[in-house]
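Mind looking over this structure? Questions follow.
A, B, C and D are the chain letters, set down in written order, and residue numbers restart from 1 in every chain.
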Amino acid sequence: MWLRTSCELTFDIYVPTPFILMLRPRSGYHQWIAREEYKIKPSVPVYEFTDIYGNLCQRLVAPPGPFSVHTSADVMTADYIDRSPGAPFVEVQNLPDTVLSYLLPSRYCESEKFTDMASAITSGYQMGYDQVWAIETWLRASISYIPGSSEIPISAVEVNQRQSGVCRDLSHLGIALCRSLSIPARLVVGYLYELSPMDLHAWFEAYVGGRWYTFDATQTELTGGYVAIGYGRDAADVAVSNQFGPPVYPISQHIEVQLIEQEPD
Amino acid sequence: MWLRTSCELTFDIYVPTPFILMLRPRSGYHQWIAREEYKIKPSVPVYEFTDIYGNLCQRLVAPPGPFSVHTSADVMTADYIDRSPGAPFVEVQNLPDTVLSYLLPSRYCESEKFTDMASAITSGYQMGYDQVWAIETWLRASISYIPGSSEIPISAVEVNQRQSGVCRDLSHLGIALCRSLSIPARLVVGYLYELSPMDLHAWFEAYVGGRWYTFDATQTELTGGYVAIGYGRDAADVAVSNQFGPPVYPISQHIEVQLIEQEPD
Amino acid sequence: MWLRTSCELTFDIYVPTPFILMLRPRSGYHQWIAREEYKIKPSVPVYEFTDIYGNLCQRLVAPPGPFSVHTSADVMTADYIDRSPGAPFVEVQNLPDTVLSYLLPSRYCESEKFTDMASAITSGYQMGYDQVWAIETWLRASISYIPGSSEIPISAVEVNQRQSGVCRDLSHLGIALCRSLSIPARLVVGYLYELSPMDLHAWFEAYVGGRWYTFDATQTELTGGYVAIGYGRDAADVAVSNQFGPPVYPISQHIEVQLIEQEPD
Amino acid sequence: MWLRTSCELTFDIYVPTPFILMLRPRSGYHQWIAREEYKIKPSVPVYEFTDIYGNLCQRLVAPPGPFSVHTSADVMTADYIDRSPGAPFVEVQNLPDTVLSYLLPSRYCESEKFTDMASAITSGYQMGYDQVWAIETWLRASISYIPGSSEIPISAVEVNQRQSGVCRDLSHLGIALCRSLSIPARLVVGYLYELSPMDLHAWFEAYVGGRWYTFDATQTELTGGYVAIGYGRDAADVAVSNQFGPPVYPISQHIEVQLIEQEPD
């Protein structure tokens, strides 16, 4: 399906503030970007680099005063999410080198603390896809998804204590559980068509059967319409906006995802 | 200045043909891409990767029949080209690692054959920027720039024999001369505002005084308005369109570069 | 100075166990490896890759039974550690791209929780090197260095609660404090000549004044004799030995660092 | 089999001369380095980097006077070379991204000039491994292998004119022929056990059936005992020693490869 995504972030800046933004979705196997806009007001020098996970990141210094970033894209993405029950566990020795860093514990995914819990949740399931599916199902049933309930990322251990969280929190717990079973897992930040309430979204991917598969415990049923902006080990790596210096928060954030009937001409 | 670039390539395809395209200008230190479109007709799956030089490349298989690619971008680029007479030669041992591959001979730049000639051309000039400037000046005076005079890349040795060539040819000779003096040099393919006749363009950059500088022997005077699409050792690395299998040539190619008065809204 | 390092790890393996080892020091700006040995008993297929931080890592599957890894190297390393009081803070917008990931919070360095504490510790110090020095001095005075006191990495928050730790723990706290001030910091694992008791060692580096500097709160006075094996955001990234599957611990670990009078012949 | 390799290069230096060496074989899928020595006389600062092809390279400045480099390694390598008749051609669209640069013409492999010739040589052969085998067989029958017959690399076109060459020359022609058929091919420089006369060696690899296979037209029958030092598009990329400034040649070069009966203790 073709989607038109839009993200507008507005800030009120007091001192010149360095930003690292991650707001440019990349074309790749999963999605194709046919049109893209990236506007910054006021206009300041920006330059772009590719981070260690392959994300396109933009660096700039926001001047004092109102500052806004508006990105928009027309994206072809899959109508349906691939499900692959039975896809086998990949033994660590057979994982591609580039996937190995997604096995390690990270800031918000203390995977080394979840071994027993993951074994319990996935007990009786075939190793691989089915284990991750069991984890996703368990998350959906056990951790309340409460959009907007937290601003600041909390870690998998804390999510498990609270038994509730935002999309990012459920993903962090899912990732920690996967990694504790030696299944590589990573966080994805992006858009989801018909997400309600509409916002930026986060989900996770697990590497089984020789490729990455999408999982999302916040949705009762997985539909298509996912647009990835960034990938990383957890939310520390894939903030769409990182500011440095005195804290600065968006004074407004406006997200839209529309279906567009056919390829824009 | 803000420029709107447009490139439309049309092909007539007889058998399914794999393409590697390099038609997505990247934001970076030199330029900022505020809007971009990339249309392929008919629509086929495309995916993107980053090559060893950092270029964004698109892979697809064109089906039999008419096939077209249309890209467009709004780009902020410099009004003036930096000139820096006196910028010093960087000793090989002090070059950044990433620059070293631009010292080696490559397909169309047989730099190992130009040592004597480069010494003669740059005799009396200070090592560094001034040598490259002397090379650019010599090229402008000695090699006739004849747009459209060749389709297929020829090497620096052949360019020097013919004493004429297209923009790519003059650049190849300039690069070979620089490298023979241990000055890293690379080919850039892209757009140039007010190029006459309008077409895709090629120029070269040399690494002196700790950074890359732009040189272009096809222009009497260097103005701003350069938009880079791809970088590489020579034209073998930076074809905007590479096809595999039975030969396929564009049946039409339409390039436009317009000045846009202010940042598009 | 020339050092001969040796590391022997012995394991008792029950089921075939995938390992990722990081035991090959790399030559670079800081050190030169003139001789190296890497023995694995029993001999099994091993292959090597470079991780996202540039470390050389070895992958293998250890068979059931006794399993040992013995590495040894002759290394030229600096006699003295560079100290550079007054080296300035590098504004985030001026940091090299490759350094930015060392600004983010990571598994064992929850830097986002240390802003107030870091400000207090470095109050009155000039921004940059002097702040890191103040942190190192504070660590030395405030956190007891107790070699061998813990096997499993604990995070900066926990280290700060316990007020004691091993070399890795003090480094994690130092790193978290630096990053909370927007100073990039990373963990280094390696050898230190005359460390007492002799063991593998961990210290940290901070990026100020345009380069990485060494800090080590476990030593009263910094001498030379550091040999780096691996770099990363924290201990999650730079385990010299990572095993997957049922837990396996070294049954013995033997480390030696000898001064060798001159370059080995 | 276990091999002990040794390479000693001696130079007479007149002015301080920057070198880039590529003399450190890497462990990987094909070979394991169990012991290694790297001696430079006189001792000068050296540092190491990884080039765009993954080779470990050493940078240094040789001072005036006699200068020598001596490297040695104990390497486990395969007893037999994999042959895989029938391994299929990989369509360009299915090649891994990292392999694509080995499809392009390069300094010494003007692949765009060999399309007709390659079609003739491989006529009647199945696409893929069998085509490369036909090329190797044709090279062995048609191009005389004359060790020591040239110092300076010549290109595939020139090799084909001369109908003779050193190992590097036969490889360049083989690579150009493969690439003209859209088969990725690369040059390997290294050691070969029982090469006669003993010297550094060069061979080529082609990517068919989903992996790289070894080909060597200089040997009547391929045995095992290959130790790779460096990979690249052609000899421009994989010089074991690159000097810059006034030309410097080895005054002596001594290579040894011994079988060692068992793993060194």
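Note that a residue touches a chain if its C-beta (ideal position, glycine included) is under 8 Å from a C-beta of that chain, and two chains touch if they have at least 3 such contacts.
What you see is a predicted model; the values in this text were computed from it and never measured.
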Item to check | Co-neighbours of chain C and chain A - touch as defined | outcome: none
Checklist entry - How short can a chain-to-chain path be from chain B to chain C, counted in steps between touching chains? => result 2
Checklist entry - Interface overlap for chain A and chain B, more than half of numbers shared or less than half: same or different? => result same
Checklist entry - Between chain A and chain B, what is the separation of their C-alpha centroids in Å? => result 36
Item to check | Separation of chain B from chain D, taking each centre as the mean of its C-alpha atoms, in whole Å | outcome: 30
Checklist entry - Taking each chain's centre as the mean position of its Cα atoms, how many Å separate chain A from chain D? => result 43
Checklist entry - What parts of chain C, by residue number, touch at least two of the other chains? => result 49
Checklist entry - Taking chains as nodes and touches as edges, what kind of graph is this: line, ring, star, complete or other? => result ring
Next on the checklist: On the basis of the stated criterion, which chains touch which? Give every pair.
Outcome noted: A-B, A-C, B-D, C-D
Item to check | Contact set on chain B toward chain D in their complex | outcome: 18, 20, 49, 51-52, 59-61, 91-93, 97, 100-101, 103-107, 110, 112, 152, 182, 236-237, 242, 244-245
Next on the checklist: Going by the contact rule set out above, which residues of chain B touch chain A in the complex?
Outcome noted: 26-29, 32-39, 43, 45-50, 54, 56, 58, 76, 263, 265
